[in-house]
């Protein structure tokens, strides 16, 4: 097996192996576990770095295993998958550090970290899959590996959330499977190819293809939390903060969004999808999701729930960008995949810090938090402002390209949606900032933990600071080489230029 | 080496070794464990040898007694029967290891010879190409299975065993009546010759109808499943495992054999009927499973449900459908055995298997819970697992033959089974409030179950080999019923 | 109508009677008897039809002998099971309602 | 065509059906079993009428004799007949009530009528000339080593069936033993005196002789291992009834070896001929007769022992264990 | 001075204040405000034109200094010095945070002057706006001024959105919007640039909201009577001045004409002037009046320029100077007012025009939100929850359960079960006999394509 074909497998193994080993570690072996986790995450980052360099220079990375007759399990690194892989790898490292600090002293840590690593493995698999079957495989694996993380708290509420999560995702998975299979019986292949592989089919199959598209979108839309399939996401907020962070920023919702990107670009092909007339309804659904998610977020008092609804809204940006048929909007959507990830994970880290250090879960209790946790709230502020789309932060870049792309594609209504969403974002984020910074703190916090001179433990503080910094940097240096924006530009060029 | 492999009559070894082992265990009960394990190993090796032979040289017909059909009895191995033999070996070895830890001495003395008899009967059944011989193997199988069920203590196992015995006798008699009619209308009991000589006439249909219903009784297809849940649930854990994994599959194997070989073609409506019953089994079994309060009962009902999947191949009736059903059989056998073993571990550990109280024990048996979950993945048909491959193939067959309604049933069944699996698995994530008395579970029991569960998962990743094996000798030849 | 056909029909009658008895009689011993009667019916059918040709066909005979031996094995098992059921439950019939 | 055999057959057949009806419907279980034995004997007559003397022998010995004895013993163990009978009757009525009462029974009868008609139609529609295997058997009989075609089929042409069937027998014994003694087994240690003991003492040698004869003659005429074995088994049953028990020394391994001897020898011969260079159970034509006799001898012994042991119902060494 | 040094200096002008905004840094320095101004002062003194391209957004961004901006920079530096001087007095617990916000604001304002393109300017504007909001609330935490501050925030957000849209529109109008990397063939022929009027309107309203131009001025008077004269100064001379500067820079004055809008804007300016004169002549709010007055003047100028490019071209460079003069004038005014010692400021009286309105607005918004939440958006999940409850009710108790139990009990009855099997046998036989050899029954299977599995 050559290096090129082994590399995708190695990338998978770098989290699968630690995950497998961690399951068998006893609860007390904190050091071994930490070292394993961090070593895996670092190794993965290095390998991904190598792969980025290679893909940029046209190296093919592909691993194949026979899975079903005529269908292989294909792991392939192309520009699009690397976008997601890199995001996952970077944020996994951050989240691992955070989780180590967050779960200090709580029970069942081996189980947690084991499933955590498996979850990342599944995410990487989703990103690297080279055909729809492989995608389906890892997509379902992701469902299975995140379930233990959601119910990790072992409370009745958590198990209820787990059940709801499973109800949605398993049903979605089934739909996805049916769609995939149907597609396979029509086309005989499932391999992701630039410009799609369906445009050669007879025109009599068009109505079938539309139906399959609907099936696939329903299957993927569950994880991407499109309206009306988003119900599991706010429920899943009972999970520990690192899990919420990972779920919302990287793994689950992004897997769904990524799948939609794959289906639209590499299965149907954007031009063919536009010919079929399926993109406009998708865009409308995404737009409705954006507005609805923001509106719901406005009425939440629980911080994590508000963030969850914000995720519902924000992930739809990605889909909107894909569904507006045009290169610029595509850039906006794809780059939002990364930008939203970085910003949202920061927000969740901070929410976790606030809950962990001060015992605050409700926004109405957050008065004056900024004075007690200035660094955390600074990170939160940056990410929140980024979410609103203020320049020069990351969110601005995405919104900018989305708006530009929409205008360029002649779909002015999207700009209005974006404007409304920005206003709503401001409406639900700014009051938090206002309360945290400018309102007087209460006499005492609900459940304060002391960390000496620092405001909180450093593993809890460092990750959000780093990701907040990243939010600024990828916004400010958006057109530097190897920035997400440049990389997405690279991807879009290959999709739109035959 | 290869000379040796081709000169040994593996077919005979496959049947005789377990029988000889049973006799040996009967003669020297104190050495039972050792003898049984050696025998299990030997049988597995023979099956391996046979597979090699078949893979290299294609389907094999073996004339016992040198007379050949119609006078004598033939043994026939093709991909279909070989696959069944392999499943039996895989599950058999695991069950042997598991049972070693499970039974105390007095019951082990009874268990080993019975189990080896059952194994021998299974192997003989899968090899046989003669319907009267099939009747005898069915009886051998049935009696061994009934006795094994009755090995458990208490009133419930005994009455379930009694019911099971009556059902299996009835089934055999119906089958035998069919055999009699077929013999008298064609003058042979060899399947291949029957296939040549029979044409669709009322006699043949009456005979086939009797045989089908006899086999359905033994396979416990809805609505004839009434005996299964209690028998499987009340048997000792290794016995439950092998009943669910293998015994019900044996009669299904005969059914599939008959359907493929001697049923008149164009029996589309009958296929739809069987498919309908299968679909009903799938839904009914899963719904009943949801309702259960005892773990083993739940798993037993899930067997009822999963058997429904197998029957969905009949209406689809194309190669993909058959392959899918067989793959389902394969993965269900392995996963369900693992699941019953896990349930056995839980039962032994906590002394009960009431689902609502599982939270007290599940956390201390992480391996067992893992086993249950992995087996559950396969049973739900989530990737990567054998169940997924099977469901994929069945669904593909449904779509390709434009019978989408079976696809709907398939998907629905998978979702329903997910509900009860996660109902159980959910208890793994409950803090255990009350420490209580526990009985240690030997490592061999936990690991053998886990090994099976992992095999079920691996079936999803390495499906090409079993799929290729099934095709040896083209058992589904010209596309089954189409 | 030739006499072997008559016996074959008698065999069918026995089978049907036995089946009916298996269904309606709850007592286990009677069920065992009924199954035996059913078996006899099948055997009768098997042998009677073999008389159709002039020369005697020995194969069904051999089959029936085998069948008889199988039947007594099954009966022995059934009897012992029945006794055990009686010992455990005190009744000689199957519990009809599900025990949960 | 004479009328007499026809009337005889008719009477035979209808009596059989009537017996079956009676035995299945009689409220008294003891009477039912006695009728069942009569039923078996009548069956034996019919077998003879159908030119199946081998079957008739087997039926008489096993179907009527041993099964009847087994059932009678079981009935005895079930407890006082009056109680079981009343329980049985109650059960009957209860069952009918549970099953939806008369309408259900009506449906059931209709269903059975349909079944019977269907089967009757099937039988009647069979071609009048049987496409059986009699010619094939006749052609190969010379090579089989025996001249009784039934024995040839049983022990040569379809010997594999017979091998498995002996497995079934052994399995039944295993099953009966492993299910152990019933809690309310009657005390069987009391010496049985009187007529029974005398009968046993007288009959046993005779039965042994008959068994030996049947075994020996089986190659050429009706008879053979199963018939001989069942006679042997009958002798064993008699002895058991008379209170005779195996000595402790023999009840262990030696007994078990005897029980499996038939099957083991059968398998050994089958494998041995493989070494000589044939398929499993392919006897060389020259030595076929001898080999069959050898197998039959061992099988007779085992079958007899097993049948007797089945009747006894518990492991003979179980008392030794306790 | 070599290129590198000048580049570095240019970046340091906004960079140093932003860097010093970190509390950990500026709390250790004596006079961080002046220190942060240092690069700007140096840049002002060094007489060289410098330009720099930055990799921001795909078309890049830039900062530069040339003749006009030098003037503006000078005045801004001056104002910041004055502000720093005025703020010397402030000491206390809030000082550190105030300094942070001030420095952020300073960074924003300085870079706003230096950036050369619209997106960059927008970014600086945003930083400036939000930082000023922080300054407001930190320095003047009185409950009275908070509603006005919130109103300012709302207008800020609205203005941001409007300007963002304007930015998009201009970007789409200047084709191709982002280089030639992706060929024109995939560009949508249907892409019609929105009308110019749209853009002009967006821009004008956006900046008007920030610049407190007449109809949107209600927050201004209240905020300009803050106890800190420096805040008033910063509000007028930095926040509003830069907003007006933005308006002048963004509107295509002297290039395109829009007589209608020009006339409209002139009208607005006129009204603003009148309003300032009539309503605003009070000593407490003298600076607000001043601001309103001069911004009104500027608006008229802009309106004229928009109506007739020729006029604008003739005095275009006066625009910047005019703004600089307003700023400096305001600085002087504030200083004077501070030195003269204003009469005791009656917050309540002064706040009269603002507070009720803000209160009313907020109350209305709150009521609307409550109403909406009752009627609309909460009802959807509630509906769904109701459905779920219905389904659960259907599922959980009795009906289904009972059916399952009864069905299973029925199947388990021995006589039913065996009779059923008998029935099944009959059905199978009947089906077998009646449907055999009808080729059309197999017609459904024609679709079967077996090639998929053969391999």
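As written, the chains take the letters A, B, C, D and E, and residue 1 is the first residue of each chain.
Note that a residue touches a chain if its C-beta (ideal position, glycine included) is under 8 Å from a C-beta of that chain, and two chains touch if they have at least 3 such contacts.
Note that the structure is predicted; figures quoted are calculated from it, not measured.
K.L.:
Using the contact definition stated above, find the chains touching both chain A and chain C.
P.N.:
For chain A paired with chain C, the chains in contact with each are B, E, in label order.
K.L.:
Most C-beta contact pairs, which chains?
P.N.:
C-D
K.L.:
Between chain A and chain D, what is the gap in Å from one C-alpha centre to the other?
P.N.:
The mean C-alpha positions of chain A and chain D differ by 73 Å.
K.L.:
Take the average of all CA coordinates in chain B, do the same for chain C, and state the distance between these two points in whole angstrom.
P.N.:
Distance between chain centres: 27 Å.
K.L.:
Would you mind pulling out the distance in Å between where the CA atoms of chain D average out and where those of chain E do?
P.N.:
The answer is 97 Å.
K.L.:
What whole-number Å value describes the gap between the mean CA coordinates of chain A and chain B?
P.N.:
Chain A and chain B have C-alpha centres separated by 43 Å.
K.L.:
Would you please write down the residue numbers of chain E that are in contact with two or more other chains?
P.N.:
In chain E, residues 408, 412-415, 418-419, 422, 425-426, 429, 449, 452-453 touch at least two other chains, as defined above.
K.L.:
I need the residues of chain A touching at least two other chains; which ones are they?
P.N.:
69, 185
K.L.:
Quick check: what residues of chain C touch more than one other chain, meaning two or more?
P.N.:
Residues 15, 19, 22-24, 26, 45, 49-50, 52, 59-60, 63, 66, 70, 73-74, 77, 81-82, 84, 94, 96, 98 of chain C each touch two or more of the other chains.
K.L.:
Go ahead and list every pair of chains that touch.
P.N.:
By the stated definition, chains touch in these pairs: A-B, A-E, B-C, B-D, B-E, C-D, C-E, D-E.
K.L.:
Which residues of chain E touch chain D once you look at their complex with the stated criterion?
P.N.:
Residues of chain E touching chain D: 413, 415-416, 419, 422-423, 425-426, 429.
K.L.:
Please output the residues of chain C touching chain B within their complex, sorted ascending.
P.N.:
Touching chain B from chain C are residues 15, 19, 22, 28, 31, 35, 38-39, 42, 45-46, 49-50, 52, 59-60, 63, 66-67, 70, 73-74, 77-78, 81-82, 84-85, 88-89, 94-95, 98-100.
K.L.:
Which of the residues in chain B end up touching chain D in this complex?
P.N.:
Touching chain D: residues 9, 11-12, 16, 19-20, 22-23, 26-28, 62-67, 70-73, 109-110, 113-114, 117, 120-121, 124, 132-133, 136-137, 139-140, 143-144, 146-147, 150-151, 177, 181, 183-188, 197, 201-203, 206-207 of chain B.
K.L.:
Using the touch definition from the top, list the residues of chain B that touch chain E in their complex.
P.N.:
163, 170, 174, 200, 202, 205-206, 208-210, 212-213, 216-217, 223-227, 264, 266-270, 273, 284, 287-288, 291, 317-320, 323, 393, 396, 400-403, 467, 479, 481-482
K.L.:
Show which residues of chain B lie in contact with chain C when the two form their complex.
P.N.:
Touch list, chain B to chain C: 132, 136, 139, 143, 146-147, 150, 154-156, 158-159, 161-163, 165-166, 169-170, 173, 176-177, 180-181, 183-184, 230, 293-294.
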